[in-house]
Amino acid sequence: MAVMTFAGAALKNFFSKPVTTKYPAEPAEYKERTRGHIEISIDDCIGCGMCTRCCPCGTLSIDKIKGTWTINRFDCIACGFCVEKCPKKCLTMVAGYQTPDGEKETVTYTKSPEVLEAEAKQREEMAKKAAEAKKAAEAKKAAEAAKAAEEKKD
Amino acid sequence: MGKRSVIPYGPQHPVLPEPIHLDLVLEDEKIVDVLPSIGFIHRGLEKLTEKRDFNQMVYVTERVCGICSFGHGYGYCDTVEHIMNIEVPDRAKFLRTIWFELSRLHSHLLWAGLMADAFGFENLFYQCWRVREKVLDVIELTTGGRVIFSVNKVGGVLKDITPDMQKAILEMLDYVEKETKVLEKTFMNDYTVESRMKGVGVLTKEQAHALGCAGPFARASGIATDMRMRGYAAYGELDMEPIISNDGDCYGRCEVRIGEIYQSIDLIRQALDKLPEGELAAVVKGNPDGEYFMRIEQPRGEADYYIRGNGTPNLDRMRVRTPTFANLAGLCAVLKGADYADVGILAVTIDPCISCTER
Amino acid sequence: MYKITRSPWVMHYDGSSCNGCDIEVLACLTPVYDAERFGIINTGDPMQADILLVTGGINTQNAPVVKQLYDQMADPKVVVAVGVCACTGGVFKDCYNILGGADQVIPVDVYVPGCAARPQAIIDGIVKGIGVFQERLEKMEKGESLTEDKEKKAEETAESEDK
Amino acid sequence: MTATEGKNEIIAIEPGELSVKAMEMKSKGLRLSQACAAWLRKDEKLELSYSFVDDDNYDMFNVRISLDNDKRDTEIASISDIFPYAAFYENEMRELFGANIKVINLDFHNKLYRIEEETPFVPKKEGQN
Amino acid sequence: MISGKLISAICYVLFAPLIGGLIDGIGRKISARMQRRVGPPLLQPFYDLGKLLHKDPIHVAPSQNFFMMSYLFFIVMTGGMMFLGMDILMCMFVLSTAVMFLYFAAVVTGSHYSSIGASRELLQMVAYEPCVLLTCIAFYMVRGSFETAEIIKGDISPIVYLPGVFVAFIFILTIKMRKSPFDISTSHHPNQEIVKGITSEIGSRNFGIYTLAEWYETVFLLGMVALFIINSNPWSILAAVVVIALVYFLEILIDNTSARVKSDVMIKVSWAVTLVAAGFNILVLIYFLG
Amino acid sequence: MFDLIIPFLICFPFLMAVILLCCGKSKFGNIVSYFGAVVIMIASVAFFVYKGVSGGFAFGQGMYVNTEIADYVILAGEILIVLVVTFLSFKYKRAWVSLLSILPTAAIIFQEEIAAPEEIEHIYIDKLALLMIILVGVVGSLIIMYAVGYMEGYHNHHKEVQDRRNYFLALLFMFMGAMFGFVTCASLIWLVFFWECTSVCSFLLIGYTRTEEAVNNSFRALWMNLLGGAALVVGIIAFYNYVYPTLSFRTFLMVIPQMTSFLGAVSLLPVFLMAFAALTKSAQLPFSTWLLGAMVAPTPSSTLLHSATMVKAGIYILIRLAPLMAGNVVGTFIAFIGGFTFIAASLMAVSQTDAKKILAMSTISNLGLMTACAGVGTAETTWACIFLLLFHAVSKSLLFQVVGATENSLHSRDVEDFHGLLYMLPKHAMFMFIGITGMFLAPFGMLIAKWSALKGMVDGKHILLILFIVFGSAITSLYWCKWMGKLIAHPHKEKKVKDVTHAGEMISFWVHGLVMILLCVFLPVVSVYYVDSIIAGSDMFNTNGAAIPASTMYILITILMLVFIVPLVLYASGKNDHSTEKLAYMGGINTGKNNGFVDFMGEEKTLMMSNYYFEKMLSIEKLMKPAQVVALVALLIIFSMLGGYSIGGMF
């Protein structure tokens, strides 16, 4: 029947320095792998939507035309699945958590105008190309049709 | 009937932060009847399989519970791997084992703290949780998360444990071993602590078997069952014996868990020692089709997984039978005849996880 | 004006959480983070609590419980939702028995994201909550009604839900 | 001790045989480790599985009752008189899957989880909404 | 002379909360350090009290307010009587009356945690009351008077005659100060199986009153400890302060190194200590003085 | 002229009894009873006032030296008692009990016959007797008034019991007559008669319902009391033959201290035997069981037995004997038994839920305290004893009556059912509150008495008694607090209760309550002007001056009054204070009110809170036997000690 068996440890604690961190007076230290929050280098994003589809929470949304990538940080479980899945590796898991707030606002990242412009141009070009291709195809079709008609005539 | 009190315990109660509710009938402070009520935390996450594919489900399963989160992720992946006949690389098996034991370590230390808290030993609670923080540090170092690891995927693991990290783990193990000795002294020998645990909530071996108890709760009653003996992951290649006690009371349960802390430390050391080189994950192709029953040993005891695939990415059924669900009957049995003051302690001795019980 | 910011007593209620956030709430109180530095005491009793920490989402069965605990607290009081589950329902929001975040039943003042929310985030969340706490006191002492404030808040959240 | 994975068998039975099977398992000293239901969406079938395990050699026997959609209301006698703790599993199967299990020793009357939706795991039958 | 007593009583009424609060703050700090953490600021108890008094007053049953005020009043009166140099046995009777009001404040709500807490408070009373009464009697035997004014007048400190009683009283102090292992009716920590026990239904202003009453009580109880030390020599007051500091530190250490025991153990152990330490001491005293 | 009041007080109740017996079943009995009660009350108060005014307070006064006729009446009475007892014990097949009546009576008659003729005072009035008279007169009459109303309700509910209420009332009157006789008589022969008279009355009262339990219990009461009576007789005979040949009680009291010096222990034997008799009457261990059994009878009889009469007869004798017991072995043992009874009965009271049983155990325990005080026998403790007697009589009488009345309305006397009584029967709860505070709490007098008792015992260095008291009083507070808590607790169910209490009962409550408060307020006056002089009386301690200095007393009273007034002030001032009402805390699942919660099935369940009883540890069944054994052993030890000495001394 021992009493106060913990006295030694308690007294030792009493005379040692507390282990308490100084947070928030001093910033918190994070490990390298710490899953804090998701960052995006938006200009690299190709808007494929892989991340939005794989996210277990449905936290993400993208708008390919506007070039935006939207995240609700109050909904993200920091699982990192999107990071793993992103084909362009433009998503990264960054240490440091998202700060608390009174509102659950979503954050939207928009591509820089140049990139947008470039993309728009590209899209235009693609569209043009597609149109051209279409035209060409139509022309080809028409030509073929004409050819066929001609053959018929024959 | 006049001398009886009919009172609720929970759902909100500081001793057991999780919401479980018991209808108690007391005579003085003796419990003469108890009826459990659950559902305060029931989410219905098993049904998410209809909306999430089997890869996403890993992250959902991890959140069956935040304490043995790793185990759930693992159990799920292993079951799917069985169905899909995936051969997981050896290194991944060992890494999984190490993380599994780390999570057991933190879980048991957490339990010890909650137990100390339940019998009103503040300082001991702080001590346990302080030691536990060291384990969490290592977990964060290796996985990036403190409680939710998110390192499992179907087919293997996502992250490696580098040699630096291995060193950190070993250092941490030494520290924890040393500190556990201090804790053990108080948990096992202190008069006040003993007065709260010895002879409280006794469950004999026969009773434990008849009530279908699992995990340390059953082992403390002398049932030598430990799913790790089934040799899943890398356990087959490590040396271990189930730890049992024959007391069947709270003291015995405490003894078993403290023994398991040492056991986990030993297992991690062994696993690190034998850690093979190799790939982290196998390639996964196709969708699961078929069914499998898997049993693993969570810190709280045997957890059963049942998965039924139907050839689409969305599983037909994902089922987790968690240790606490199995131990509910045992809890009610030990509560009858105990003191009201023991409710918290007894609830904690089964190391309850209501979150996973109700899913 | 009296400063009551140095003594925020919290009460924790575990909604439908997975335990992850709960143990982190507890971890805040332990030596490494020691929330008592800020006068934070974890009291289990709503009668004595100033700040309600809700972890986990709301389901059919715990909705009345959360509401009742909130009602039992004395004014001024503050609600902090800890973890994404309590913010939005998180990973479980599509489950059949999850109604959503804590703001489904009570007005939430501060949202702490994270899964699990880190202890530092929780401390930050409480500190932010303390600011609201002080404002409320000042309002109360001026005799302004607090409910109005809360109703507005509730409306806002309802609106954002609609969106 | 060496690791033994143990057997893992599925034994299909008719609904009426459950009690007999449970008795048999009990007499062998097995423990009920779990019981669960599953709704097979493609096959439109309700399956109940009772798993019995042997704590010495880690064998597992899963007793399976399969019910087609039109027969899913078939009455099934509870085994809670044989394994008292089966009550929780059976209550769960009944509340979530609508399995028609009768005479459970601790009957929660579909209020184990107290959810709003009825039997969320199985689709509503025609004529019900 | 009378005026001297009066001044000390007035000082008690005015300053006991300050001292009590400060002692509380020091205690919390020491406790925190024993748990290897920084702990709250020294003045934390006052911040807490300030907040409690500024919150919206609440009650479960209206009569709680009245019972709590009465509780505070009687606690103050207990200490006041002691510092007025009055009959110490009467002080103790008034103290039990005070405890009874706290009991009423808890049971009047009919709620379960506070009722269980209240019942346990009564058990605590059963555990400590004998020792407290014996302590008074022991003083009487040594000094031939129940009056504190007389008790402090001897040449030799009573502790010389009463080591056993002192030990028993220190033991009982753990119960009265609601420290582990005997914080069974309510505890300073929220980890009670009955939540806040007897104070479960006491919130905001009433809890402030409760806190204040506790501070008064702490000072009164430590005053009792001082009675063991103080004699006609003015330096003994200094000695008393040192002893009080040591005793208080010991209480905190005990608090930090023990689990909360159950009520039956509490009664058994405290009665045993009372009988063995105090009873034996008094027996010896009868032989030597008688 | 006024002196005639004494025989009047003794005879009038008997007369009333006879009239009542003649009334048969008619309602006329009620009027007769009210009339008789009022007359007795007026007579006793008048006598008391007259004595005060005429200066008769100063000294005792003996009278009735020549009482030949009365002696014959008494002789006849004694024989009548024997006949009744013999008849009933044969009727109920307990023939051996009759021996306990026949033999002592024969012995005492024989003794009287052979005694040398002497001139003794048969009646002696001093302040103690006066105190008892006013106590018995006022409290007893109130009980009778209460009984009239009570029996009405009782017989409405208990149809199975034969309605003999006039017989019951007659017994109550007889009892009072016997009591008056007992406290005023100064002849040992008369003393024995009145003693037996109370024994038989209580026997008949207990057996009133004639159920098997009642018969059993009544016979238990009878044989225990007759055993006491026998001891009394033996004591008297021993005294007459071996110590001093007189049958005067006063001489007895005065002569013994002088004889002790050369007769030694022999002279203590009569004292012990008399004290032994008192123990049986005061239901001390090992004789406590009869008082418990007495509860089968309707409440008024328990009230009468417990408060002012029966059991107090024992205490009265002990107070008379107190100076003879101071510092000797008899005193030590009597005090031990008293102290032991105090703590043992308190412990048993903790485990009771039946309000009447709690009251019974508390009576036994308080009588134990009084016995201990008397046993110590110093001026201080005797002072305490008298105050305890006074306060106990009033508050116990009040409590018994309120419990009885509550039972008639509530149909239960389980304390658990008193949960929230304040909201169901507010007046009853209030009176219970007053009664209970009177029993143990400041500012009521029991506390000061206890204080004084403790002080006296410390001075006497009775370590064991001190321990008994400090531990016992802690336990006492436990069971009273429990009860009070029940009264004010928020009710389980909002149930309405029909109050069927009669006006007569209410009047009795009010008077009791008032007396209680007045006694507290005027405690110093009572002490200084009355009780102190009992103590200083010629046949008591002869020490001049008060047991407790009046100055201390006044300070105490001031403080205690403060204790009383301040809460009222606080209450009044707190009335219009702003405070928000919240629901009680129940882990978040109350169903919108304070007494219901959502149970495991999602339905509403009523929250029930019961007190602690420690039934397994402290039940009467469990503790009574061992406690009786301890007390019995103590009695045997002292008996053999004294017997040994005496026999040794005789030869």
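Things worth noting here:
Note that the chains are named A, B, C, D, E and F in the order they appear, and that numbering of residues resets to 1 at the start of each chain.
In this text, contacts are C-beta pairs under 8 Å (C-beta built on N, C-alpha and C of every residue); 3 or more make two chains touch, one makes a residue touch a chain.
Everything numeric in this text was worked out from a predicted model, so none of it was measured.
Both chain E and chain F are touched by B, C. The greatest centre-to-centre gap from chain A, using C-alpha centroids, is found for F.
When chain pairs are compared by contacting C-beta pairs, E-F ranks highest. Chain-level centrality, scored on Cα centres against the all-protein Cα centre, points to E. Between the CA-based centres of chain A and chain D the separation comes to 43 Å, rounded to the whole angstrom.
With centres set at the average Cα position, the gap from chain A to chain E is 61 Å. Averaging Cα coordinates per chain places chain C and chain D 40 Å apart.
In chain E, 32, 34-39, 56-58, 60, 112, 116, 190, 192, 195, 200-201, 203, 256-258 are the positions where the chain touches two or more neighbouring chains simultaneously. Touching two or more other chains at once are residues 111, 113-115, 120 of chain D.
Each of the following residues of chain A touches two or more other chains: 3-6, 10, 13, 18-20, 56, 77-79.
Working note: touching chain pairs come out as A-B, A-C, A-E, B-C, B-D, B-E, B-F, C-D, C-E, C-F, D-F, E-F.
Interface of chain D with chain C (complex): residues 113-117, 120.
The touching residues of chain F, counted against chain E in their complex, run 419-420, 441-442, 447, 451, 454-455, 458, 461, 463, 466-467, 469-471, 473-475, 477-478, 481-482, 484-486, 488-492, 552, 555-556, 559, 562-563, 566-567, 570-571, 574, 577-586, 594-595, 607, 609, 611-612. Taken in their complex, chain C has these residues touching chain D: 59-61, 96-97. Listed in rising order, the residues of chain E touching chain F in the complex are 56-63, 65-66, 69-70, 73-74, 77, 81, 86-87, 89-90, 93-94, 96-97, 100-101, 103-104, 107-116, 118-119, 122-123, 125-127, 129-130, 133-134, 137, 140-141, 146, 195, 200-201, 203, 205, 271, 275, 279, 282-283, 286, 290.
Interface of chain E with chain B (complex): residues 31, 34-37, 112, 116, 180-181, 183-184, 187, 189-195, 255-263, 265.
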